[in-house]
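A short write-up of the structure that comes next.
Labels A, B, C, D and E are assigned to the chains in the order they are written; within every chain, residues are numbered from 1.
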Amino acid sequence: MTTSEEIKEKSPLISVKDLEKHFTDVHALNGVSVDIYRGDVVFVVGPSGSGKSTFLRCLNRLEEPTSGTILFEGINITDKKCDINKHRQKMGMVFQQFNLFPHMTVMRNLTIGPMKLQHKTKEEAESYAHELLKRVGLETRADAYPNQLSGGQKQRIAIVRALCMRPDVMLFDEPTSALDPEMVGEVLEVMRDLAEDKMTMVVVTHEMAFAKEIATKVLFMAEGQILETGEGREFFENPKTERLKTFLEKVL
Amino acid sequence: GQSGKTLTMATNAEFPPYEYHDGTEIVGIDVEIAQAIADKLGRELVIEDMAFDSVIMAVQSGKADIAMAGLTITEDRKESVNFSTPYTTASQVIIVKEDSDITSPDDLVGKRVGVQLGTTGDIYVDDIEDATVERYGKGFEAVQALLQDKVDAVMIDNQPAQVFVSQNEGIKIVDEAFTVEEYAAAIAKDNTELLDQVNDAIAELEESGELQAIIDKYITD
Amino acid sequence: MFSAIMDFGDKLGTALFKLSYNFPNQFYLNFIKENRWKYLTDGLKVTLTVTIFAVLIGVILGFLVAIIRSTHDKTGKLTLLNWVCTVYLTVIRGTPVLVQLLIIYFVIFGSVRVDKVFVAVVAFGINSGAYVAEIIRGGIMSIDQGQFEAGRSIGFNYTQTMIYIILPQVFKNVLPALGNEFIVLLKETSVSGYIALQDLTKGGDIIRSQTYSPLLPLLAVALIYLFFVMILSKLLKILEGRLRNSDH
Amino acid sequence: MFSAIMDFGDKLGTALFKLSYNFPNQFYLNFIKENRWKYLTDGLKVTLTVTIFAVLIGVILGFLVAIIRSTHDKTGKLTLLNWVCTVYLTVIRGTPVLVQLLIIYFVIFGSVRVDKVFVAVVAFGINSGAYVAEIIRGGIMSIDQGQFEAGRSIGFNYTQTMIYIILPQVFKNVLPALGNEFIVLLKETSVSGYIALQDLTKGGDIIRSQTYSPLLPLLAVALIYLFFVMILSKLLKILEGRLRNSDH
Amino acid sequence: MTTSEEIKEKSPLISVKDLEKHFTDVHALNGVSVDIYRGDVVFVVGPSGSGKSTFLRCLNRLEEPTSGTILFEGINITDKKCDINKHRQKMGMVFQQFNLFPHMTVMRNLTIGPMKLQHKTKEEAESYAHELLKRVGLETRADAYPNQLSGGQKQRIAIVRALCMRPDVMLFDEPTSALDPEMVGEVLEVMRDLAEDKMTMVVVTHEMAFAKEIATKVLFMAEGQILETGEGREFFENPKTERLKTFLEKVL
């Protein structure tokens, strides 16, 4: 017999079925199904325009799927009746362009969510934010405004902002592609840390070396479909489809 | 509010000597007559200064109780408002430059004539063949245009014309008067009560000689 | 027409010569005698009063309309209100402010006896609201879509995202444009003489009607407007500089 | 003031009722009788004439001023001309167009008999030029600096780069704003009644002065402006769409 | 005795001496001296903000040097009296952001310079442009407008535009950093071709692998100075200064 804990362990955290997304004249997602389990570090790779971002953004319904279902912690969040705002609190998101709130200090960026949405006191919210800031090495910048930070610092703050909501999964959309090469490392470092802490992560990226290093699962997307799935290192070393082979040759 | 403590008079205070700005006050024949009427009615006079073409509408719409603005009685206007008994007569005259070849109304044919929009002058000139009418918002602007040779003549009421000519060099009034007409106060059609009161007051003022005294004070031939 | 232009330099020269020769007399006649300068100062007071209150109404109205319209654009809700706003914007931006002023004075407030300053404030306020609405809507649209998405991704709903994330940034961005709207209105109220409101321009008109000399009264009026517009522009530049240099 | 507002819905109702009841009579009186509609059509002709020519002058003047100013900004040359342009912009943008119109009519063309349409065209053209200049300058500044550098790096000198690379792009970018300037001017010319020019607004005024009924003449005038503004806006939208979709 | 031809071969094509550039509050170039010879493929590398772009842009005076001299083909082009427009025709420049003229077709982009400045006939200009278009594999896109091209295509056209002026040196400022990873290759290919044809080139880039492959000379800049100079492969494999070592570790 399995305990309920075990069932929880074994049932996927996110279960995507037959996801379709049509834009006015583009069929961006063409039947995507995948299960993501707790602790998974899923990398999504593929050529430009293949639907990677669209897929990621459908997961928390920033993009409204045209059809298909997404179960998150067992609840169908594509159901119009569910309160998506509640679930989004559990799904941290990190954007290519950081999207920090420029009119707030770093600390305010980190605490406004917990305070307004989870009714934390200012003290609670700030002390947790401080803890996380320390982890990413930015404890001294709490009173800075986003414009006073470098790109790498901004992105680390953006990650902390998402973590402050104590999410169950973190979604990353090319978190390092807007960064100067010298700053990529510091952001990857933070993501590596998170992965070691068993945070569930879904990462869209072009950083193949990084994916190879920490991915537990890699999805190769092309033309709105998942063409190949593999386990980390294996995926890169033994591509099965011709398509993936050509792709890897180009980008590695 | 017809029955209020105030008597609101609509006028266009750029028409000396009937109404014009003097310092921060508006004064003139119409203003003093209105004051006398208000005194008799036991109401406080309030003056609303506006464009001439608006004074009748102001009475019609209730914005003012009474309009006194050198207002000539015409058939058209009678369709919109009631007029009191006339309190003075006036005539439309032509002002020209001293060296002008215009000597009678007939010479206006084909000329450029300045008037004040909506005045009786405007109405008459409209009937002159080929004359180009320039309708200014204010009487003095028509005169200014004449001084600057922008128009050949200005048609306007006699008394203001006298004032304009006395204040400016180089212009004169053509001897022949164009028309003769009567000034009266305009009152809303449905306010016959006020009309009667005003008529009574004017009659009393005329009898006592007060009316003539006011006019003489401003017009000295 | 062309000989007129040829002539014109000549006459202008003569006029300027006469003026310089006559200046003390003319100055005395137009401003000192009978305290005529008071027409200008009183008129200025009216002009400033109307402008200030009209801008206030305009900003409030503009914010409301802009929020309704953006909300409709982003969520598809508020269809009826959005329609009302669209009609309002079309009509106000499609007709001259002078015509609006006349309609409000003679038709809307046709048979009500009401303070003319109030009428002007209402007319220019309603007019300004339409332009402010478009400024603010532009401000909302110019905020990076990423800001909106970041707000939503944390779990804020539409209204919370607007209030905490978008509007504070919009307000900062449009502040200079709102300052500029004040300058625009200051100049636009010069037509209120049409409803016989004794504003600054009308003050100059009254002096002209008494002295028959157009030059000095008109020049004085122009200089007063210019003075205020320049002061306001200067303040606006300082404000913009501050906003640009501030880190938030 | 406030009881006035309370009152106001009531009175407006009554007025509208009276109108609907009287409409055929009122319509006959204001438009048909004595061919009064002619005041509107004649006025419209004047309004359109003034607007079209003023825009032409405005665009030419604006381009000149903008080029002088940008050249000064980029190269430090043309100091004197730039100074003249700055004064022009400051004065024109610092005073109401109505005051400018009066000064041009009564002072500049003081003792010259000159066609009033011409005066209005000059006044509104000069006024518009100042605003167009800033539009075009904005257009020049909005062209990526890289375009300028690419032109220079090939070996074009300043003037060649302007003519072959920058201005063609500027013109395409500012075309919608110039169209909008036309709309702005169409409405602004409504004040030309002040110099006794019988434009559209004044046409309505004349009818009002003869019939003493404000509603229909003002409404007709407003509708005519609205009609033209809407048509022009529509055309402008189409133009903008074309420009956006074109690849060059 | 040396012939004048030999002197020409041996004297540098570009000779930079003590170049300084001050911006209002930044000292961007702090005494740069270097000689570039015909056929050299010079790569300029270094951390962000070190003055690489400023150096490159001073070479054709897109940026006005504060002091120092630049001799180009023996002529002092920092002299205010020289007609810089003449010399710029001999120095092709390729920008990170392509900077094609969006209101002209590709062909017009390529021919406007030769026609207006070198008084070529339309036929001459177009036939040479066609030849070069063929070399970069874009002969079919002559009538396209820039917006209809991909990033990689745009950059190849930008290179051709510079080549159409028959320059003696080509300056590249991070020609591939605005490109999607999949398009980098096609641009590098064209540059490799040029190098093989012995075109003199000065290239600012972050593409270290590429620099290693084709550079004849590499300059390492930091804080407005050239800290180290080396010959291609040697430079990367045996960095001499500590500074360069750290830099290479970060970016390789």
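Criterion: a residue touches a chain if its C-beta (ideal position, glycine included) is under 8 Å from a C-beta of that chain, and two chains touch if they have at least 3 such contacts.
Note that the structure is a prediction, hence the values are computed from the model and not measured.
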item	value
From chain D, the most remote chain by mean C-alpha position	A
By number of C-beta contact pairs, the top two chains	C-D
Inter-chain centre distance, chain C versus chain D - centres from mean C-alpha coordinates, in Å	16
Centre-to-centre distance between chain E and chain B (centres being mean Cα positions), rounded to whole Å	83
Cα-centroid distance, chain A relative to chain C, in whole angstrom	49
Computed distance of Cα centres, chain D from chain A, in Å	52
Per-residue multi-chain contacts in chain D, two or more chains	106, 110-114, 214
Sites on chain B at which at least two other chains make contact	57, 61, 141, 144
Contacts with two or more other chains, residues of chain E listed in rising order	none
Touching pairs - complete list by chain label	A-C, A-E, B-C, B-D, C-D, D-E
Contacting residues of chain E [partner chain D, same complex]	60, 62, 85-86, 88-89, 91-93, 95, 97, 99-105, 112-113, 116-117, 144-145, 147-148, 161-162, 165
Contact footprint of chain B on chain D as seen in their complex	106, 110-114, 116, 193-194, 196, 198, 202, 205-206, 208-210, 212-214
Chain D partner contacts - residues on chain B that touch it in the complex	52-53, 56-57, 60-61, 76-77, 80-81, 114, 117-118, 122-123, 134-137, 141-142, 144-145, 148-150
Residues on chain C engaged by chain D in the complex (per definition of touch)	1, 4, 7-8, 11-12, 15, 90-91, 93-100, 102-103, 106-115, 118, 187-188, 190-191, 201, 204, 214-215, 218-219, 221-222, 225-226, 229-230, 233
List of chain A residues in touch with chain E within their complex	47-48, 180-182, 185, 206, 250-251
